[in-house]
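Right after this note come the structures.
Both complexes below contain subunit A, partnered by subunit B and then by subunit C.
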Partner chain A sequence: MALLRLVLPLLLLAALWEGAVALLQISPFYLPPLRQVLGAIWALGPAYAQAFMVTLGEAVAGFVVGGLVGVVSATAFHHQRWLRDMLFPLFVASQTVPVIAFGAIVVLWFGNTLLAKAAIAFYLTFFPVTVNALAGFEAVDPRQVALLRSFGASRRDIWWKLLLPSALPRIFTALRLSAGLALAGAIVGEWFGASIGVGAMLLAALFNEQVVAMWAAILTAAAVGGAIFGVVALVEARLVFWRDEL
Partner chain B sequence: MNAALARGLGGGVLLLVLWEAVVRLAAIPPWILPPPSGIVATTWSARGPLLDAGAMTLFEAVTGYGIGAVLGLVLAMLLALATPVRKLVLPMVVVVNSVPVAAYAPLALLWFGTGALSKVVMVAFIVGFTVFLNALDGLLRVDPAAVALLRSFGAGPLGVLWRLRLPTALPAIMVGMRVSTVRSMIVAIVTEMLGSQKGLGWTIFEAVLQIDFLRVWAAILVASLISLGCFAAVSALERRVVFWR
Partner chain C sequence: MTDAADQLDQLLTVGEAPAARAKLQLNGVSRRFGAVQALAKVDLGIAEGEFVTLIGPSGCGKSTLFNIVAGLLEADTGGEVLLDGAATSLLGKVAFMPQRDLLLPWRNVLDNAILAAEVEGRPKRAARETARAMAADFGLKGFEDHYPQQLSGGMRQRVALMRTFMFDRDLMLLDEPFGALDALTRAMMQRWLLDIWSRYRRTILFITHDIDEAIFLGDRVVVMSARPGSIKLERRVELPRPRDPALLTTPAFNAIKRELLDAVEEESMKTFAAGAA
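Here is the complex of A and B:
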C-alpha cells in the first residue's frame, strides 16, 4: 500500500509527460518525450550511475555533519542562554548570505574535492536543524525535567531520555527539508570546475544545448533526492514510531 | 531583551575582530581570506558598479517574488476548494518539488534566454512552490468544528475559505513568504552565475574568472545586505499581518 502510494504519482506523472508531448505536440526543445530521456540514461548507464553516486556522497556527507552540528548547537544554545544570545543572530545572518556565491571560494579552499561540495551542503543544512531542535528542546514541559531530576537523573540522562525524544519529530521535519537543501548545495558546488556528478552533467548539457541530456540529469537529481529522502523517512518511521499519534 | 541584544551585537563584533586578527596575525593572503576591513574598502571603492548589479538582481528577485507569491497563494486556494483534484495533484507536486530548483536553472536559461526573464521565472518558480506548500498546509489545518459552525450559519465553501481558512492560514503563509525572501535572492544569483550580462551573480562569476577574490567578497557582502534588508522588511510585514501572534 505504501509502495503503491509512492509509485502511483510517479506513473501518473510519467503518463502525463508522454501524453502531453504526444497530444500537444510540444517541441522537443522544451520537453522531449520521456522515453527518449530514459533511453539516453540507459545508453550511458554507467556514467549516470557514477554521477548519481558521486553527488549522493557529497550531499550525504554535508547532510550528516550538518544534522549533527545542528543538534549539538541546539543543545548548547538550550543549556547556555548567553551562548544562544551571542551566536544565534550570527546563525540567522549566515543564512541570508547567498551561499552559492561562496561556491568559488569554498572550491578555492578545499580544492575540487568531495569536501568542497560537502561544505556547501553542510552550510545549507545545519541551520534548519538547529532551529527545529532548539524549538523542540524549549517545548519540553519543565515539570517533566523536574520530575526526572527528582529521581536523580543526570543532565545526560535527561537529554537522552527526555529532551532528544521530545524534539525528534521536529528534528526530522527539519531533516526532510535539509535533505533537499543538501542536494542543491552539492549540485551547485559541482558547477565550479567539477568533472563528475549531476551538477557537472547539467552544466555540460547547458553548454552543448542538449535538452535530452539536461532532462536526464534532472531525473538523476530527482533520483538522488528521492534516495536521501527515502532513507530519512525510513529512519524517521523507526525512531519516531509514535508520530501518527501526535 | 536588552541583554540579549547586547550579547548578539557582542557576538557579531567578536567574530569580526577575531576574523581581522587571525587574517593579520597569520598573514593569510587575501585571495584565501581577506580581512573584513579589506572587504569593506573594496566594496566602497567599487560601490557604483556593485550598486548597479545589486539593483538588477534585486529587481529580478522582487519581480519573481511577487509573481510567485500570488500564483502560489491562488493555486493553494483553488486546490483547498477542490478536494478530488488536490488528492490527484498534490503527490505529483511533491515529486516535482523533490528536484532541487538549481537543477532547473540550465533549462530556464535555454528556454528564456540570458536576460532578466529567465531569472524572474526561476524566482517565481521557487517562491511559488514554497508559498503554495505552506499556504495549502495552513488552509487545510482548520478545526472541522469551526467549518461545521460556519456551514450551519449558511456559509458556502467560498465563505468558509474567506472567513475561516484564510485567516487561520495567515501565519503559515507568512512563514512561507519569509523563508522565500532569502531563497529568491539566492536563486536569482545562481541563475545569473550560469548565464547573464548583469547582476551580482554575473559580477561574482566575472570576478572569479579574473581571480579577483576581493570583488567576489564585496559582491557577497552587497548580496547579503540586500537579503538581510528584504528579510527584515518581510518580517516586519509578518508582525503587522499576524498581529495576534
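Here is the complex of A and C:
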C-alpha cells in the first residue's frame, strides 16, 4: 500500500511527461521524451550508476557529519549560554555567504576530492540542524527536567532520556530539509572541476548541448535526493513514531 | 496474602509500621525570590509511615516548599531540612510526583514506570519485571505496552504514580496528583491510593486544594497560611482506617472539615485582599 502510494505519483508524472511531449509536440530541445532519457541512462548504465554512487557518497558524508555537528553544537549552545551568544551569530553569518563563493574556496583548499564536496554539503546541512535541535531542546518542559533531576539524573541522563528524544521531531524536520541541500552542495562542489558525479555529468551535458544527457543527469540527481530523503523518512518513522499521536 | 503480593514484597522494600521517628523535619525553612518572601519559617515534621496532607490558598508557597523538599530548590540560609535526621542534598532521595503526569510519549507504560529506576542504573530487564508485577496493583494490567497517548487521564496518573512508587524511596511527595481528574475518577483514585499506601507503607506528603481529599487521605492535615507561607494549623485526623466514602458524611468528618474550612477561608481572604490591593 505504502509502496503503491510512492510509485503511483511517479507513474502519473511519467505519463504526463510522455503525454505532454507527444500531444503538444514539444521540441526535444526543450523537453525530450521520457523514453529517450531513460534509454540514454540504460545505454550508459554503469556510468550513471557510478555517478549516482559518487554523488550519493559526497552528499551523505557531508549530511551525516553536518547532522552530528548540528546536534552537538545545539547541545553546547543549550548548556552554555555564553557559547551561544558568542558563536551563534557566526553560524548565522556563515549562512549569508553564497554557497557558490564558498565552494570555490573549498575546492582550492581540498582539491578535487570527496572531502571538498562533502565539506560543501556539510556547510549547507549543519545550520538548519543546529537551529532546529536548539529549538527542540529549548522547548522541553522544565518540569520534566525537574522530575528527572529529582530522580538524581545526571546531565547526560537528562540529555539522553529527555532532551534528545524531545527534540527528535524538529531535528528530523531539519534533516529532511537538509537532504536536498546536501545534494545541492555536492553537485555545486562537482562543478569546480570534478570529472565523475551527477554534477560533473550535468555540466558536461550542458557544455555539449546534449539535452537528453542533461535530463538523464537531472533524473539521476533526483534519484540521489530521493534515496537520502527516503532513508531519513524511514529512520524518522521508526524513531519518532509517537509524533502523530500527540 | 496472595502469591503475587508475596512476590511484590520481595521485589520492593516494604516500609515498617509507623514509628515516632521523624522521616522529614523542616526547621525554620524560608525562601525569598527577590522581593517576594515565598516561605517564612516553616516548621513541619513528618513521622515515618505517616500520610500528611497539605492545603493552603493558591500562591501560598506550596510549590516552593515542595521543590525544596524534592531537593530542586535550596532553602535560604538559617533553616534546615532534615531527612532521617541528617541535612543532606535531597536530590534523588525523595520520590516526587508533580501535578502533571509528565509521561514521555515515546515510552510505553512499563518504560515510563521504570524511568526513575533506569536513571538509578538498575538493569532495564529487571526493572521491567518489577513493573510488570506491579501493573495489576495500579490497574494497568493489559496496558503494559500501551503508549501514554492511548490512555485515559486516570490511567496516565496511575502510571505516573507507579513511576513514583518504583523510585523506591521512603518519602513520597505528591503534588495534587488528582487535581486534573473528574470527581468520580478522583474519588476512585483516592481510595485506591490509600489501599496502595497501606500495602507499600511509605511516608507521604500530599498537596491538595480539596479539603475533603485532605481529610479523607491524611493522618494529619496541615494548613498553610497565605504568602509568605508558613504552617498555620495542624490537625490530626483520628478517623479509623481503612476509610471508605461513607466517612465523608459522618459528623466526625464534618467537624474536622468545619475547623479546616475556617482556617483555609481566613487565609484565602488574605490572599484575595492582597490581590485586590
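Here is the rule we go by: the second predicted complex is superposed on the first by the 246 of 246 C-alpha atoms of A that agree within 3 Å, B and C clash if a C-alpha of one lies under 4 Å from a C-alpha of the other, contacts with A are read in each partner's own complex, and residues count from 1 in each chain.
One rule holds in what follows: contacts are C-beta pairs under 8 Å (C-beta built on N, C-alpha and C of every residue); 3 or more make two chains touch, one makes a residue touch a chain.
Not measured: the values here are computed from a predicted model.
Contacts of A:G230 after superposition on the shared chain: neither subunit B nor subunit C is touched. Looking at the shared chain after the overlay, A:A153 reaches subunit C, while subunit B stays out of its contact range. Contact with subunit B, but none with subunit C, is seen for A:E209 once the two complexes are overlaid on the shared chain. Of the two partner chains, subunit B is the only one that A:M86 touches; subunit C does not reach it.
When both complexes are overlaid on chain A, the residue A:D141 reaches subunit C alone and has no touch with subunit B. A simple residue count on subunit A separates subunit B from subunit C, and the partner touching more is B. Once the two complexes are overlaid on the shared chain, A:P28 sits clear of subunit B and of subunit C alike. When the two structures are aligned on the shared chain, A:P165 is found in touch with subunit C, with no touch to subunit B. Look at A:G111: by the touch rule set out above, it reaches neither subunit B nor subunit C.
Shared interface residues of subunit A, touching subunit B in one complex and subunit C in the other, do not exist.
Touching subunit A in their complex are the following residues of subunit B: 3-4, 7-8, 10-12, 14-15, 31-32, 88, 91-92, 94-107, 109-111, 182, 185-186, 189-190, 193-195, 200-201, 204, 208, 213, 216-217, 219-220, 223-224, 227-228, 231. Remark: subunit A residues 141, 143-144, 146-153, 157, 161-162, 165, 240-242, 245-246 touch subunit C in the complex. Within the complex formed with subunit B, the subunit A residues making contact are 5, 8-10, 12-13, 16, 29-30, 82, 85-90, 93, 95-102, 104-105, 108-109, 180-181, 183-184, 187-188, 191-192, 198-199, 202-203, 205-206, 209, 211, 214-215, 217-218, 221-222, 225-226, 229.
Put simply, subunit C touches subunit A in their complex at residues 67, 70-72, 91-94, 96, 98, 100, 102, 104-106, 115-116, 118-120, 147, 149-150, 167.
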